[in-house]
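You will see chain A twice below: alongside chain B first, and alongside chain C after that.
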Partner chain A sequence: MQSPRQSRLGAAILLAVAVLAVLLPWIVQDSYFIHTVIMVLYFAYMATAWNFVCGYVGQLSLGHSVFSGVAGYVTVLLFIQTGLSPWLGMLAGGAVAALLAVAIGFPTFRLKGPYFTLTTIAFAEILRIWFENTDTFLGIPLKGAEGLVVPLIGDSWAAFQFNGKTAYYYIVLAMLALAMAATAWMERSRLGYYLKAIRGDSDAAESLGVSPTRYSLIALCISAFMTGIGGAFFAQFFRYINPERNMGIDLSIDMAVMAIVGGQGTVFGPALGALLLHPVAEVMRSWFGGGVLGLHLVVYGVVLILAVTYLPKGIIDPLSRLIGRGRKRKEQP
Partner chain B sequence: MTAAPLLQVRSISKRFGGVQAVSDLSFELRRGEILGLLGPNGAGKTTAFNMVAGAIAPDTGEIVFEGQPITGLRPAQICRRGIGRTFQLSKPFGSLSVLENVMVGGFARSRDRRAIRREAEAILDFLGMGELAHADANDVTAFDRRKLELGRALATQPKLLLMDEVVAGATPSEAQEMVGLVRRVRERGVTILIVEHVMKVIMGLSDRVIVLDYGKLIADGVPAEVVAQPDVLKAYFGERYAGARA
Partner chain C sequence: MDPLILFFALVNGLLVGGIYGGIALGLSLIFGVLRVINFAHGSFLMLAMYGAYLLWSVFGIHPYVAPVIIVPALFALGYAVQAWIIAPLFRRERAMVVEPISALLVTTGVYLVVDNLVLMAFGPDVRAVSVDIAQESFFLLGLPVNVARLIGCVAAVLLAWGLALWLRRSDLGRSIRATAQNRDAATLSGVNVPFIYNITFALGCAVLGVFGSLLVAFLPVTPTTGLSFGIKSFLVVVLGGIGSIPGSIVGGLLLGVFESVASQFVTATSAAMFSFGLFIAVLLFKPSGLLGARVAKR
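This part shows the complex of A and B:
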């Protein structure tokens, strides 16, 4: 059992981080810095969304970007074509992503290990290639690889467009907080127990009344919805969407690697992974410019190998032992 | 008047490629009894067991539980009907504690987490594993894993419990402890079908045994009588041994 002192320490750290996060735009006003922090939070959110299913059920999806891309396109197209507020558009996009998750997950969750992973890559790549090569679909312009620009409205809540970056910062911060809260809730619910049971031994889980396909699918739908909301945010933040950035395999790899390095199957691990890895990628990019494309992926590879070898439960594992929270935390009545 | 049997297996068969694993097998389980399923290696015991548990669908025949056909249902549905099972090789759910492992079974009957937790604690006490409740399920001994598996199955509140090789690899004192536990599970009103290699265990435990050989039922009766039947001796020890005894 954890001591009350340890749990107070954990709560204090959490509170300090939350206060710092809320006050950050007042403390540092440098635009590039805020931009980078927004990207860190965005990746933390996306890795958390990926973790919601993959981290708990123990299957490696490298096709999650498809949910981001499809939901992003739905949001942007609804805004361009019908003027629907992106706030509603992103919910619609998330819903479409969740439906797509059923279509993809139903056949693929019967597969295990590398077969599952390969199938998720194939689904995502097929859709990306289709988007890149489709100029109009049913009379709606998609503009292929060129992508779509979100028309500039100006500072407007309804249009999800803001002068300066502070509003985007708070939006993505709130999204991350909600995603983490959803993960923490799931861990303590029947769904969390079931997903861990499926990861442990799928046949044994089934004999205890758990339908592995059904509960994996429920979690995948929620994960796809969250990923979709993230994709819509990304499109709104840059006022631009294209198949490569919003649904390319790079994004899928980012989500998975950050979650795995940080600690999959935990509430805080994926965000920690993003916090450590995104700045590394940023620094690589600014040091080497466009000179060595994909260098950050090399670094990812090295970090992933080190993490899987020395910290298979992620960087969060030794930290949570230290403060007596996280994985070792015991069930509270 | 006798009560209707809890489980009726009516001429089930299963073929794997060229091997007829189980052919035309019928038997019944009465409420509250412990039935031993015996047979030499490859006799089709595990196949028969898995068909009742829903892990394998029979090619032909019918399985009826509490008067309802359950043939071809998935294991998760079979569990909800009230049949629990254990596995020969069990893996605990590693990222959960011992207590949480048992709670997984409880969610099949209820969504009230507190009630499930209390029930799981009671089951661990019953198994003599109360001390281990908060241990990581991966860190317990092989025999405790086996008991943990029994606990998970009990948490689903089965009316019928299917047990596969419960004392395999156990020391004599552990085997004795397991035999005691199985008896006490039955005292809780659970009917038990047990597949076992260790003759001594199954003879002492079962009210009745059935014997499979080459997928066919060759004997059905009280343990002491069944082991004296020439067919059974032949199946276990070969033609000459049975002949010498006769």
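This part shows the complex of A and C:
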């Protein structure tokens, strides 16, 4: 067990980070900086959503972007076609993503390891290719690879459009906080224990009456819903959605890499991964301009290799041991 | 549908499919022995294509001569990647539960590094070698057959045959097969398993050196060429049964014909959707591959 002193240290760090996060737009008012922080929080949120199922079930999905893309399109299309507020639209989009997760997950969760991973890629690629090559579907313009622009309304809560970036900052911050709270809740709930049992030994879990497919599916649905909300946020923030950025394999890989480098199967790991990795991308971009494409992905690749080899539990593992929150890990031999 | 066009699609599909099969050989071999899915497989092919392109554009070396340099280079690269990057996972594995996901993740890291280094070096532009053979065709039963594709297809079949023979007859081949069957028993019989792993991975990459050179003769290359071929290789290997050498060629032919015929009915990009659908269907309903029975006997 941890000592009360260590637990208080952890809580104090958490509180300090939370206070800093809430006050940040007052401390630094540079628009570019806030934009970068919003992207960090967006990736932290997406990695946390990915982690909700993959980190706990121990399966690697490289197709999560499909949930982001589909929900984003649902949100944007509902807004363009019917004028439905993106606030409701993103819930609808998340629900569609969750339904899609059942359709994809039900057959796929029978597969293990790399087979599961390759199938998630295949499903995501099918939908991405379909969106890229479909101009209109049932009379609804999708505009293929070109993507859809969200019409500019002006500063309006109902339209999810704001002058300046501060509002977006607080929205994504709240999303991240909710996603982490949901993960923390899940860890302590029956679902969390079931998922860990499935990760440990799927057959043994099944023999004890825990259906691996059923509980993995429940977690995948929640994860897909959260990923969908993130995709809708991304589309609203840039007022633009296209299949490649919102649905492509690059986004799936980003989510997975950040969660794994940070520490999958933990509440704070994925956000930590995003906090460490995304600024790398931004710094590379500002140092070298647009001239050097892909440099940040080289760094991601190297960091991923090093993390998997030397820190399979993620960067959070030594950090949490330092703070003394690593007691759970130590109990497991 | 005009039967002549369909027949043409069939022939062309077989030619391209043979090349797919040849490209997938290495992936299948590596998985069969190391149980590692090499996500960077396509990236190594793309590197080989750029290598052959550079040899042509800088030194004027014909792509068909390029394998003399590219194959050893890819062999060395594969050896290095396995020995330095993937092997540490195996060393850790002894104490821990086997995690095939870790190997997949590490090779995903290699894919990110290789693809983006090439992107940085060459930019996103399309590079193409212009040699006469790309345009040459002869007529067979009134149908044009592209010589460069035919050479690629024949090379794939010959390489697969040679590789299977070598695995069956040579001492090293025997060690490789022993390691694939039972790593511990092979170790006990005096096989240096880590070395066999390195050699197998290197071989799997060296094969790509051949096809990278043959492909670049008629196919332009961009940094993203690798991923699409890599994903096709997964398709091929799953279709033919993972770890099976003849299965790889048969899977390639199947995919080639499927793609080529499907693209007569829909656009080529949409045809890729059906290939992924086929991939999912095979994994779900016949995960041992369409030639699964033969794999079991192996």
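In this text, the second predicted complex is superposed on the first by the 325 of 333 C-alpha atoms of A that agree within 3 Å, B and C clash if a C-alpha of one lies under 4 Å from a C-alpha of the other, contacts with A are read in each partner's own complex, and residues count from 1 in each chain.
Throughout what follows, a contact is a pair of C-beta atoms (placed from the backbone, for glycine too) under 8 Å apart; a residue touches a chain by one contact, two chains touch by 3 or more.
Keep in mind the model is a prediction, meaning the values are calculated, not measured.
Measured by the number of chain A residues touched, the leading partner among chain B and chain C is C.
Judged by the touch definition given at the top, the superposed model places A:132 against chain C, while chain B stays out of reach.
After overlaying the two complexes on the shared chain, residue contacts for A:209 are found with chain B alone; chain C is out of touch. Looking at the shared chain after the overlay, A:190 reaches chain B, while chain C stays out of its contact range. Within the superposed three-chain model, A:87 lies out of touch with both chain B and chain C [touch as defined at top].
Within the superposed three-chain model, A:265 lies in touch with chain B and out of touch with chain C [touch as defined at top]. Of the two partner chains, chain C is the only one that A:253 touches; chain B does not reach it. Counting contacts as defined above, no chain A residue meets chain B in one complex and chain C in the other.
Taken in their complex, chain A has these residues touching chain C: 58-60, 62, 107-108, 110-111, 113-115, 117-119, 121-123, 125-126, 129-130, 132-133, 249, 253, 257, 260, 292-295, 297-298, 300-305, 308-309, 312. Those residues of chain A that touch chain B in the complex are listed here as 1, 188, 190, 193-194, 196-197, 199-201, 203-211, 265, 327, 330-331, 333.
By the touch criterion given at the top, residues 37, 85, 88-89, 92, 99-102, 104-106, 108-113, 115-117, 119-120, 123-124, 223, 227, 231, 234, 238, 267, 269-270, 272-273, 276-277, 279-280, 283-284, 287 of chain C touch chain A in their complex.
Those residues of chain B that touch chain A in the shared complex are 53, 55, 74-76, 79-80, 84-85, 87, 90-97, 99-101, 103-105, 107-108, 111, 113-114, 117, 134, 149, 152-153, 155-156.
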